[in-house]
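Encoded as structure tokens, here's the structure I'll be asking about.
By letter and in written order, the chains are A, B, C and D; residue numbering begins at 1 in each of them.
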Amino acid sequence: MKALQSILLPVAASLVAVVIGGILVAALGYNPVSVYGSLISGAFGNLGNLGNTLTASLPLIIIGLGIALSFQSGLFNIGADGQYWIGATAAVWVGYHFTSLPGWLHMLFCLAAGMIAGAIWAGIVPGLTKAFVGAHEVITTMMMSYIAILFARYLIEGGPMQEKGYIPQSPLIASNTQFPYFTQGFMRSQLSPISMAIAALAVIVAWFLLYKTTLGFSLRSVGLNPRAAKYAGIRVKLHIVLALALSGLFAGLAGAVQMLGVDHQLLDGFSSNYGYTAIVVALLARNNPLAVVISGLFFGALTTGGQNMQIASNVPASLTNVLTGLIIFFVGCERIIPQVIGWYRRRRSLRAQTPAS
Amino acid sequence: AGCGTNNSSSGTSTQNSGGTSNSTSTTGKTIKVGLVTDTGGLNDNSFNHLAYVGMQEAQKQLPGIQTSVVQSQSESDYVPNLSHFAQDGYNLVIAVGYLMADAVQQVAKEYPKTHFLIIDDSITGIPNVASAIFQSQQAGYLAGVVAGMVQKDHLLKNINNHNTVGVVGGQEIPPVDSYIAGFQQGFHSVDPTGKVLIEYTNSFNDEAAGSQYAQNEIAQGADIIFPVAGGTGIGSIKAAQSAKVYAIGVDTDQSYLAPGTVITSAIKRVDTSVFDTIKAVQDGTFKSGVNNFDLSNDGVGIAPLISGLPSSVMNAVNQAKQQILSGKIQVSSTVQK
Amino acid sequence: MDTVLEVVDLKKWFPGVKANDGVNLAVRAGEVHAILGENGAGKSTLMKVIYGLLEPTAGEIKLFGQRAQFRSPRDAILAGIGMVHQHFMLIPALTVAENVVLGDEPGGIRFNRREAVRRVRELSERYGLAIDPNAKVGDLTVGLQQRVEILKAFYRKARVLILDEPTALLTPQETRELFNIIRALKAEGVPVLFISHKLDEVLEISDRVTVMRAGKTVETLDTKGATPQTLANLMVGREVVLRVEKPPMKAGSPALEVRDLRVRSADRHERVKGVSLTVRRGEILGIAGIDGNGQFELADAIAGLLRAEAGQIVLDGRDITHLSPAERTELGIAYVPQDRQLDGLVLSFDLADNVILRDFRRQPFSRRGILNRRAAESYAKRLIEAFDVRPPDFRRKASELSGGNQQKVILAREVSRDPLVLIAAQPTRGLDVGAIEGVHRQLIRLRNEGKAVLLISLELDEILSLSDRIAVMHDGEIVGVVDGEGATREQLGLMMTGQRAKEGTA
Amino acid sequence: MIFSNPEIWALTLSMAIPLALPAVGGTFSERTGVVNIAMEGIMLIGAFFGVAFSYWTGNAWIGLIGAIVCGALTALALAWGAIHVSADQTVLGMGINIFAAGLTTFLLNTLFGYSGTPVNTPKLPSLSIPGLDRIPYIGVIFTNQSVLVYIGIILIFLSHWFLFSTRLGLRMRSVGENPLAADTLGIPVWRLRYLGVILSGVFSAIGGAYLSIGILNGFTSNMTSGRGYIALAAMIFGKWTPLGSFGAALIFGFSTALGIVLQGHGVSSNILQMIPYALTILALAGLIGRSTPPAADGIPYEPRR
């Protein structure tokens, strides 16, 4: 019953958002049916679009797992975006060095580099300062995130990682580290079975770690009641560092997977905002790793569907943001539905009572 | 002057058979054109916007043109967005920005029937890809000459004795740096001892930062500010206006932003290149390879000068232009630090 | 006699719990009306409904003969109801004065802080509840916080006063002062609803007693003629043993030795100033003392939650001064902390997770870092049964249990670890007589099995009835150690104020 | 020396104000117990409508009022979701940020086109404080600053006084620390939370308007460039007090100004722009240490009736 409710409510809330968005879109002179039609078909309409949706959701899912983990440990890692970029940078750097390694090993190296870089980025400065000085992690992770992005930029804008020539981009990673795409089915999307497998593995690992291991037990205890955790013999400071590092590890992994699977090089764009969207992904999933999959897919679909909406319905990109914002807002407000139902019931029962008494 | 594309055929690109525009406008066959912006979006006050302007102009002037735009949210969107148009049977897909070069190469090979145009990058050897390269350093050079003349001879009021001009760059990337390099070179050609302050804001939409960077340069004595920073640069121009010094616009004629403040603008006709390519696709005269836009075909240049300058300035500009065209002056596209 | 407050067939249902299920009550002017009931009987719920914090499911409340329908405490306050809440309704970040005057502050737009301090100081002097109005409430001991709660209620000059377990944390002297105040109110015709689990207090102060059981009022009787035994039996619905049998001590070798220990609390104050004591196998060593004299810091330090600045802690001959809490737990220290919700439990964990909280790293609850949930569940089931935790469902979150049952879970967990030394800090705080009986039995059982028990309590009666030896702490030092047998309240009371014992042996 | 260049102080102040105002706003919201990460979005709303109303009415002051009203309305939505629905406040804030970015860009393009807001939009006046501006060296701080700088500084000090020295301020803080306790004292928890959130909207909107009609007279899409998030950091850095937030914003403004002033000496601008972020971490780790939020920050209060 509870499980069913936890699925039905967000769905119902999204529907409310969709209706409100539809009214808005209609008021602006667009046909809501075709706008939403293009959103849905853009996200799921054919295998290629489905592939794009999956591709877009993978980084959100992987980062979202890390953020969920940090939330469950009582920490708000708002700087996953920077950890993602640092992970991507490290993976790319390894990806175009060490070319003598066998492909699979090289790939593993890249992934490991991404994870380690992300973990260090979140674990060292934000983790240690939180544990030992009490520096608020929202500030430190955010500042480190800006620094990460500036650092990555520096590296490819005239810095040591810039490819020869005038364009600020890194060299391509070795071709045998690039994940192969699906050869059929998801034609022309940049979806790779390896990326999907890694994401699936990450979900399972995160879930297992949180709920089935003593480490997860410790992390959750620290998150829910640090004093009781200390009483239980858990080393709270260590686990604060661990939680942030693990959270960064997932973000770094996402960066590595994105580089190996999609971008193949560091490009000067730096506007993905995956790290921020993933916060919403994690929160809407109530920080449950399995639910992160669903909310990640939801946002992946919104992204790709939104791009298609621009193409098919000539809706400006900004309007898709308006709709996305509305949907996030109302899905956040999902509890309004049982509230309204409860209120209605109470009124009914009141009315039934009044004449009786 | 406006950001005019009203004179659509003024900047003829190198190989189009120019004169048939009238016949095609009456019998224009229906073609679909898709525009993919980079992450800067249509509000970048720069090449994304200009490409859009060119496309709109084409839609207005050429019958049978259907257009659609998609603004990329992240680098990873480039391939899906380009493929989307190609898959939907668009005849021409325009990719704005060198960041999309790899994506264009990849997608163009998969959709050989679709034409592609990439702005600001040179892709060769793919039969359905044309690229537009702008020698914006040449425009920068001419603007630099103007700045140098004004500076050296105190041609406008309030010009101080610091002999300093300031550049506010958006980011250290080629399309920005080429303007700056040319400007630097042009300025020094007139005023070898003058100082060019160069700062980068690392953003293209932060007007406030643009204003503050400009203020800092003005405080150091700069009295002509040349912002190459999209929306950020608008703030720089306004800061120059408030401080009663001067500015030079970029990409399009930006004198409307601050009349009396903007001396001239360094211009890059992205709109023209887009318009011409759309027309070529409609006419069936699309040609792959690199289209070079430079002074020779008015693909780059400077906007009309502020009133009140002596004719010597225009003469110097024309002279510089001739020297560039004749190859006597080579304009570098790397900034001297 | 005129009825001031009347509750008629009141029901308050929570999802799955009928906290109040047919409550009838009439409070007369100028009477002290005690409410008795086991933990979870529904006393606090009833009071919250009266105070407008909870909306009744059914039934009605009449105040001065008029039907009262409070939509919030605001309405109740306006109608003249004041309440001291069982669980503190304090704002730790604010000062005492701010907490007391909040909602009815002196001043216009500006908050007149000086006037607030003055009024609170006056109030505290008048009622003999000494407290620094400028202290931050978060820095106060729980005992002092209790005083703030009481001052809050007095500040508002209620026409009906509800006191929900106000004496749980007061010293005997303070309780006596409070009773004087209550008597003064009574004389002015202000009725007082008084909740306490301490039967002797109820017998002393109240005029009538209403007993609640399982959400229903069972009976209202005159206090005159009632005995502790009759009241206890009524509450629990069975025969209760009020005094636990304790066989003579067979003390063995020292299990825990503390030597010249110095400890600073979290706020960097030195609270334990050179304490030495020994707890032997097979004995209960009670530590008596007024709240705030370092006894809880001492417990925390032995358990490893606070660092020892100096001195030594020796467990069974082994120096554990520098071991981590986890290592101490492994070596056989069990600890029932003073604040069960803050330290003892993870409230959002279910009972199965809470019973393994201290042992989750060990087999069978985990193996090589992987949890074995089934083992935790079957263990939880056993403990819940053995200790009569209600409701008996290990999937329930700890937060959903009444305070008494939360305490049972902690005690069950600690006692069942088969420890060498059990430190029990305030183990019966807020428990009903039945539950207290259970806890006391467990402590004595451990002692009889040859374990060492260090009992820290603010209840002198508890210390007196359980301890084999009693150490009295004052200002971070042990004033003296006396034998449990012959000790008297008066003697201990004196020592607690700092006077050295005559026949004390440390 | 860089510090002898008075420009750095003027820059510091003018960069600090658009951080300090939303940070103070956030302080109001979080002091009453509602986590507010929607400052970025509300700033955008304020920036856009400030320009729009200023242009439509030809009066920048009316523009400012328009900005405040729209910002307050946006905050009202956040308040409703956070207070009445008990929704996750971070999710709501993120939703508002995305919504606001989309809405302002959409309106910019549909109402004013892609080439931006009209150049003849009136802006708020800039003033020098007579007398103070003559002081050598630091006089530049009070020379030719937007009137909103002065108003902002007054508002910040007023806010501090309001929060810590008035009865209403005391009540608002109590609601953010322990709403149940406040409720038992008859304090209207929900109403005060609404007040806090709406005040945050007002302050954030003024911060946004400062950018668009205070120092400039136009709006560009996403022109707040993450200042709302930095403001969030400043609020935490300042330990949820208005003066603390202002101090944090000044440190941030100063180090940003430092990054600007140091440019042009061959060091990569990317590296120089790390200065404010790195300094913030250093200051936090070295000087400021722990900052503890209001105890009930982010926890919805549901009177269980």
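Everything below uses one rule, namely that a contact is a pair of C-beta atoms (placed from the backbone, for glycine too) under 8 Å apart; a residue touches a chain by one contact, two chains touch by 3 or more.
Computed from a predicted model, the values in this text were never measured in an experiment.
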Completion exercise
Touching both subunit A and subunit C we find D
Practice task
Report the chain whose mean Cα position is at the greatest distance from that of subunit B.
Solution key: C
Exercise for the section: Please report how many Å separate the Cα centroid of subunit A from that of subunit D, as a whole number. Expected result: 27
Practice task
Express in whole angstrom the distance between the two chain centres, defined as the mean CA positions of subunit A and subunit B.
Solution key: 36
Exercise for the section: Could you put a whole-Å number on the gap between the CA centroids of subunit B and subunit C? Expected result: 76
Exercise for the section: Could you list which residues of subunit A touch at least two other chains? Expected result: 150, 153, 157-158, 316-317
Handout entry: Sites on subunit D at which at least two other chains make contact
Key = 105, 109, 221, 268, 270, 273
Exercise for the section: Mind listing each pair of touching chains for me? Expected result: A-B, A-C, A-D, B-D, C-D
Handout entry: Interfacial residue positions of subunit D with respect to subunit B in the complex
Key = 5, 7, 10-11, 14-15, 18, 105, 108-109, 114-116, 119, 126, 144, 211-212, 215-218, 220-223, 225, 257, 260-261, 263-264, 266, 268-270, 273
Practice task
Note which residues of subunit A are touching subunit B in the complex, please.
Solution key: 42, 48, 52, 55-56, 150, 153, 157-158, 166-169, 188-190, 258, 262-265, 267-269, 271-274, 303-304, 306-308, 310-312, 314, 316-317
Completion exercise
subunit C contacts subunit A in the complex at 303-305, 324-327, 329, 335, 337, 342-349, 353, 357-358, 360-361, 366, 369-371, 373
Completion exercise
Interface with subunit D, subunit A side, in the complex: residues 28, 76, 78, 125, 129, 133-136, 138-140, 142-144, 146-147, 150-151, 153-154, 157-159, 276, 279-280, 283-284, 316-336, 339
Handout entry: Residue ranges of subunit C touching subunit D (in the complex, touch as defined)
Key = 51, 53-55, 71-74, 77-78, 83, 85, 88-94, 98, 102-105, 107-111, 113, 152
